[in-house]
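Order of writing sets the chain letters: A, B, C and D. Residues in each chain are counted from 1.
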Amino acid sequence: MAAFTYAPAIVLLPFVSFLVALFAGDRMPKGGALAGITATGGSLLLSIWVALTVAGGETYNQFVYTWVAGVESLQLRFGLLLDPLSALMLLIVCLISFLVHIFSLGYMNDEDETGLPRYYAGLGLFTASMLGFVVANNLLMAFMFFELVGLCSYLLIGFWFREAGPPSAAKKAFLVTRFGDYFFLIGVVGIFATFGTGLFAPVTQGGEVVAESFPVLAEHAVIDGETESIAMLDTVGMSAQAWFTVLGLLVLGGVIGKSAQFPLHTWLPDAMEGPTPVSALIHAATMVAAGVYLVARMYGFYAISPTALAVIALVGGFTALFAATMGLVKQEIKQVLAYSTISQYGYMMLALGSGGYIAAVFHLTTHAVFKALLFLGAGSVIIAMHHNENMWDMGGLKERMPVTYWTFLSGSLALAGIVPFAGFWSKDEVLYEALIHGFGTEGGLGTAYLLAYAMGLLAVFFTGFYTFRMVYLTFHGNARSDTARDPVPVRWNVKGPLAVLGFLAATIGFINMKPVAELTGAHIDFLHVWLNGPDEGGWPAALNTGLHHYETLLHDVAHVTKGYPLGETPTLLASAGISLGLALAGVLAARSLYAGPDPVEHTDKLGGLKTVLMHNYYQDEYQVWLATGVTYPVARAMDKFDQGVVDGVVNGVSSVSLFGGSRIRRIQSGLVSNYAMLLTLGLVLLLAFFGVMGGWF
Amino acid sequence: MIPAETYLLLSAAVFCIGLFGILTRRNALIFLMSVELMLNAANINFVAFSLQHGNLTGQVFALFGMALAAAEVAIGIGIILVLYRNFTDVDVTKATTMRW
Amino acid sequence: MAQLPSWMGLAPALALGLASLVLLLSDSIDPDTTNTPALAGISVVGSLVALASAVGFIIGGTGVPTSEGGQGTPVLFGGQLVVDQMALFFMVIVASVTALVVLASYDYVSEHSYQAEFFALVMLSATGMTLLSAANSLATAFVALELVSLPSYALVAFLKKNRGGVEAGLKYFLIGAVSSAVLAYGISLVYAATGVLRFDGIATAISSGTIQTIVDGSVQAQSGEPAVPMSILGVGILMVIGGVAFKTAAVPFHFWAPEAYEGAPAPISGFLSSASKAAGFVLAFRVFAVAFPIGDLLATGGAINWVVAFQILAIATMFIGNFAAATQEKVKRMLAYSSVGHAGYVLIGLAAVSASGEGLSFSISAGMSHLLVYGFMNTGAFLFIALAEYWGVGRRFEDYNGLGKEAPVACAAMTVFLFSLAGLPIGGGFFSKFYLFQATLNVGAWSLAAALIINSALSLFYYSRVVKAMWIEEPTGERSIDSYPMGLYTAVVGAAIVTFLLVPGFNQVSEIAFQAAQLL
Amino acid sequence: MWVAALIAITLLGAGVVFLAPNRYAGKLAAGISAVPALISVYMYWVYLTQYGGTGNALLSPGDIAFSQQIPWISLGGLEVSYYVGLDGVSMPLLALTTILTTLALVSAWTPIDERQSQFYGLMLLMEVSLIGVFSALDFFLWFVFWEGVLIPMYLLIGVWGGPRRKYAAIKFFVYTNVASLVMFAGLFALVFATDLTSLALPAMAEAFRNASGLPTVAGINLMTLSFVMMFFGFAVKVPVFPLHTWLPDAHVEAPTPVSVMLAGVLLKMGTYALLRFNFTMLADTARQLAVPLAIVGVVSVIYGAMLALAQRDLKRIVAYSSISSMGYVILGLVAFTPHGMGGATFQMISHGLISGLMFMSVGVIYNTTHTRMVGDMSGLADRMPWTVGIFVAAAFGYMGLPLMSGFAAEYLVFLGSFDAATLGGAAPVLTALAMFGIVVVAGYLLWAMQRTLFGPFAIETDYDVGPAAFHDVAPLAVLLLLVIALGVAPDLSYDMIQHSISPVLDLGGGA
């Protein structure tokens, strides 16, 4: 338990490094980088300790700080939930962040960038926010750190604020994700209002539940019909399941924004304006991962809502395919990676939606590694290329930067899903889960799964294609520019992180080789075991966050069932074979088109489709149009209305009064005879009035 | 004895004549005279009803009224005099520098 | 305190009258005297003695019946004059305003000839006002009223070479003459209908329905008990209302006011719009509360419900005065119109009466309180105008631009006056207006309350225009202020201090006013 | 005694500053105002540690902190007294007032360069009235202070304001005064209908609560009519759509320190009064009218935010966003839930700090660049990094960034109103609509920041654009720290607020 006592330090250490870098960074060597490295390194060690403790079967879910005590009302508290899922995520975040910090020494310090304290402060806060999000034991705390993550992305994407592009991209990133967070916030408020708690897992003391969690309450309401205590249902006039679906979808809004799912993915490619290490951090471990992690975190809540599951699966599948097609035609190395990120998170969503909880977490893990690797590799290339990111100006870097090449290749194979690299195992499992649940589940949900599966499968081919198009254009063939012929060498601080990640990208998939496990019967699906926990008792019983529990819910409530069209093992092998085959097909297609010494553009062959793809299906255009073509004119019109009508009425009242005044004063004509006349008239009128009233006449 | 209504009619008539003068004449002096007529209409009432009621209050008031009328004329003439000096006219409608 | 002889009750009036006689005497000895300090000194001493004696009497309990622990009410000349609390209250107003005005006039007239006449006329008019406060009969009231009016006609036209002043004097005089003729005729009709002029006698006649007479100072029914002809009485009352309306500058007898206030020397404008108006109101309050009791009038029926008349007049006066003031170009004329508007507010004192005739003493005390506060804030405002005229600052709003930079103390005082006039709680004006408002709501007179609110809102706009000019605008032309006249400054600052002190001290004022009104 | 000391010291200080030479007036005034600020912080501490459980000043007047009562006036049977005291609602507002005044005075050192002694004197005079407004427990006393705020404000805008200051000043002055009069009339209609003998607020609250058999005017119950009139009167001050049009003009024209006070404290007078009068004294009527009132609040939120989107002037943007923020307060108040009303009150404090911070930051930029137009400048971050840094922090505070006070306030309001019984089935919908404000606010603030603060440095000006002076940035930093402190630990204020709110919620109305 001692590890848990120090767990808050995992979050606080990077936060301290933020403060140190911000206020003392310019007086420190390396502009505060060392503080960040120390802090994330410390956090990494503590995370490992926590993970080991969790591996020992212990978990932790306690409140640590009372934010709002609440008088005769809800208490709002911060707490830590440390279970296998969050322990795993802590490891990922700390590791990536640590490596990114080191890499930044090469990418930022060695390039003599200004504003380093600000940079490292941003990284520190970013890491701290993400870690806070990961360990949050309730939805409110999660939301708060989720928002802080958004702030940090704004600060870091807009790091080069003296140029025009980065501030704009930063604004877009924050704004688009804020739009998603709007729904998330409604969801958070709604869940608190509905259940009176935002806990992800019940808090227990001495075996007694002292604070129930909302997924458990929801479960009781849907399965056991315990809805008396949920007053909100009467207010909204819906059935429990329908209302929970609404809430779940609202929360999903935030997920779609942060994890860059369709249609809120548009911020992510723009976010490439930030420094490349930041991109690595955002894509691999922090911001984008937050969305998917959130769904996994409160998976029990989604598992009871088939509609929400279908939406998640479809959004994920569609995004996977959609983003992959856009990645086909990009010319800049980071853009390709950006779209691949969107696509890969689509797979995770697909997995979550289709009941593949393990698959999603698995893909999250492997993706974190290989995507960080690819970005850092790209960063290395960018250093070498004097910050020219256009792949058509590269070529032939393979010989000049071997370390970068081989590690990048490792990452690319993982991304493309080539056996035995990490991405193959996880992506295969995602597709497999979608497939078997699609066949097994009755009704619309099953159809949705199959549709999502189809889209995900198709995306595998595109993934292989664009990944190796990138590899060939960047590293193979002849150098197409002077800088590519004479690239700037990179130092250990770049190569070191690449090497670590390159190794991991090749091997991390072994933690859950499900096909192998199935075939051999060996218990080597470690991740499955890790997240499943003991089948009876232990932490899954206390926290209700175990895989077994989720599968029960999926089966009992959403009726997600497995189906094997070809029998269990053949289906598994067929699925793996198809996806591998498609991935290889993509790789080969790329090779055939771009592998030569002097590759040429083939995009023109796509005709009109090229234009559409280059413009990203006009997604940006319509969203910009919504902002500047609709919202802004409406605002202008309202402003006119305000100035003209609302203020006009106010000014009108005063004008009318003053006009009345200017008329009334005309009575005073200056002629004393008129005065006498009016005086007499007044008297006569009074006389007449009272004469009639009093009956004098 | 002449009925009281007759006096009332007489005084009302005198009052109205005075009022008519005020409304129609522009010469300040005639204006002043018209006011005197109105005041005297009141005096008629006082004297007549003093007799009617058999007490002297009315008559006393009439005496006061005459004295005050005289004082008023004195002030009035003075003002009309300075009016003439400033506007070279005793037309009450000439002095209209202040209005609205 | 030993029982004083009853004539001592008139001490305030006597002090003022004596001062005016001394001034006249000095004038006849040395007609061309320009010994302003002496003349102004006599006037100030006279008015301060009057003020002191009036305040002393109020505190001493004069006018409060001995049964209630007071000194009793001095009744003089067979009931023609009574010195009750209300009389003393108004004597305080008149004496304070007079003191301020003569103090300010010290600087204002020092360049002019006929100074002794000026001060003598002011003091005579003030004497008339104090007498009017105590008048208990239509006869004395009429005489006192003329004593107020005649000197003031002359005062308005005091600057004989000033066309505006003369024109103002003429208009004031002509309208005044017509109005006093109307009043006299009205009095004659009341006399015709009731046979008496003393207020209590008229009240007896109305309540008993028979013509009265006075024998040896006591009111008796006339032999044969002839009935009061109600229609004649009604016309008479209406014409008395007319006479009162003139003095208080209420619609439709207000036409003289804007011109007279604008054309007259500014201290005189202040004198007329504060003291003279107060004198008109004391007559109105006394006549209508004592002589024409609304309860009896309603009970006997047929004559006139004068409350309705005052409601009409009050609303019309408020609206016409304030709306016309809103768009004026000259500060003084704006104040003149606002003075008309304030007459409308005070008329609520006679208008906020319930259908059964209740609430009169409450509303009258509200009107009295407002008049007292108004006496300071309005006089102060006009004296500030006098100061501006003294400096040769123009009359228009623009001419006041940036004055706050050169004369911050005076302008601060003016700001207090103006906001107090508008009814902001920076001066007593807020409380007195609230008191009036309370009076309207007390009897459920919604229309009066609404008119009060609307006009207060509007008045804030035009008062703040002056503040804006003084403090906010930049000075347009060259202007140099080279002297800071002692007398004017003392008067202006004094008035401002009193206006401000009436915020915490309003309680005393309202209590005395309420007591005075209840004793009627 | 404490409150009287605050008032007396500040008033005396105002007098001293009026007489001080212009050169020293600023520093003198700031020094003098630090005294009431420190005293109120001490009082706050005393309250926090000793009066933790004190109830509402209007509903449980027996045990009110720092109370003092002295008879003053008796008007026709109405007893008026000098009666002051503080509870958990007014204590934070009082502290906000005194602290913000001191900071605003410091921030005035740079921009105010003429007639300083008058400026600082008037600021202190205004502080006197503001202290009075939040501590008075007698209606008349309260109203005297309430109106007393307007006169210094009128002059402060009018004399030291921008090009259209005259129009703005008189509009502000007349508009808010008309509103006060309407409120006044509405309140007193009720006072006279209930035979009150005292104008002490607790007495009024009790009388109104027990009022029965009230007359109807034009078919409307007098209680409802009075409620509407009072709401109108206070809503102008808040301001609430469509009674807001004085605010952008006043804000834009007012000099920075005055804008700070206007947005930071003066607007809160309106919501404070709404809470005290409409929602405490007339709680039953408020519950009945909850849905229309909530709609007014929600419309204000969206309308203000949309208008802010259409502006180019930084100050105007913040001004309109204030309308938006105050809409949340209305929404929270009508909810009649612990977090709704508490959150609304907390939002008063929070918005006071954040909007003050925003206006101050804009002011610091304006002092340097002499323009506030979004299109006229870009890349200021290059030249004034600390100012811009704080500006960005403030803007995110305004957008409701967690761990800053704005988020706490808004979240609590939403939490309180989402299932408010008073709003019935409309509660979630209205709350969700109001929440959309957080998207729009991000839109216009981010847009404005991108255009002005970031990008290549460019501005057409003859002035030297460089870092701001220390005394310009220091108040910003203090405010930012307060914003973060309240965001991290809302209970520094929220606990006492809730304790004082709960008696209001316990009042009848079936809650």
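Brief remarks follow.
Please note the rule applied: a contact is a pair of C-beta atoms (placed from the backbone, for glycine too) under 8 Å apart; a residue touches a chain by one contact, two chains touch by 3 or more.
Computed from a prediction, not measured in an experiment: that's the story for all the values here.
Each step here moves to a touching chain, and the least such steps from subunit B to subunit C number 1. The most central chain, judged by the distance from its Cα centroid to the centroid of all protein Cα atoms shown, is D.
Centre-to-centre separation of subunit C and subunit D, using mean CA positions: 43 Å.
Measuring from the averaged C-alpha position of subunit A to that of subunit C gives a distance of 79 Å.
The geometric centre of subunit A is 37 Å away from that of subunit D, both derived from CA atoms. In whole angstrom, the spacing between the mean C-alpha positions of subunit A and subunit B is 97. Contacts with at least two other chains are made by residues 654, 665, 668, 670, 672, 676 of subunit A. Looking at subunit C, residues 170-171, 174, 178, 182, 258-259, 324, 461 sit in touch with two or more other chains. Among the residues of subunit D, those touching two or more other chains are numbered 174. In this structure, the chains touch in the following pairs: A-B, A-C, A-D, B-C, C-D. Put simply, subunit A touches subunit D in their complex at residues 66-74, 140, 143-145, 147-148, 151, 154-155, 158, 161-164, 166-168, 170-171, 174-175, 178-179, 181-182, 185-186, 189-190, 192-194, 231-232, 235-237, 627, 631-632, 634-636, 638-639, 642, 646-647, 649-650, 654. Put simply, subunit A touches subunit B in their complex at residues 665-666, 668-673, 676-677, 680. Contact residues on subunit D toward subunit A in their complex (touch as defined above): 171, 174-175, 241-242, 244-246, 303, 306-307, 309-311, 337-339, 342, 379, 381-382, 392, 396, 399-403, 407-408, 411-412, 414-416, 418-419, 424-425, 427-428, 431-432, 435-436, 438-439, 442-443, 446-447, 449-450, 453-457, 489-491, 494-495, 498-499, 501-502, 505.
The residues of subunit B lying in touch with subunit A in their complex are 19, 22-23, 26, 92-93, 95-100.
Against subunit C, in their complex, subunit D makes its touches with residues 72-76, 78, 115, 118, 143-144, 147-148, 150-151, 154-155, 158-159, 165-166, 169-170, 173-174, 177-178, 181-182, 184-185, 188-189, 192, 217.
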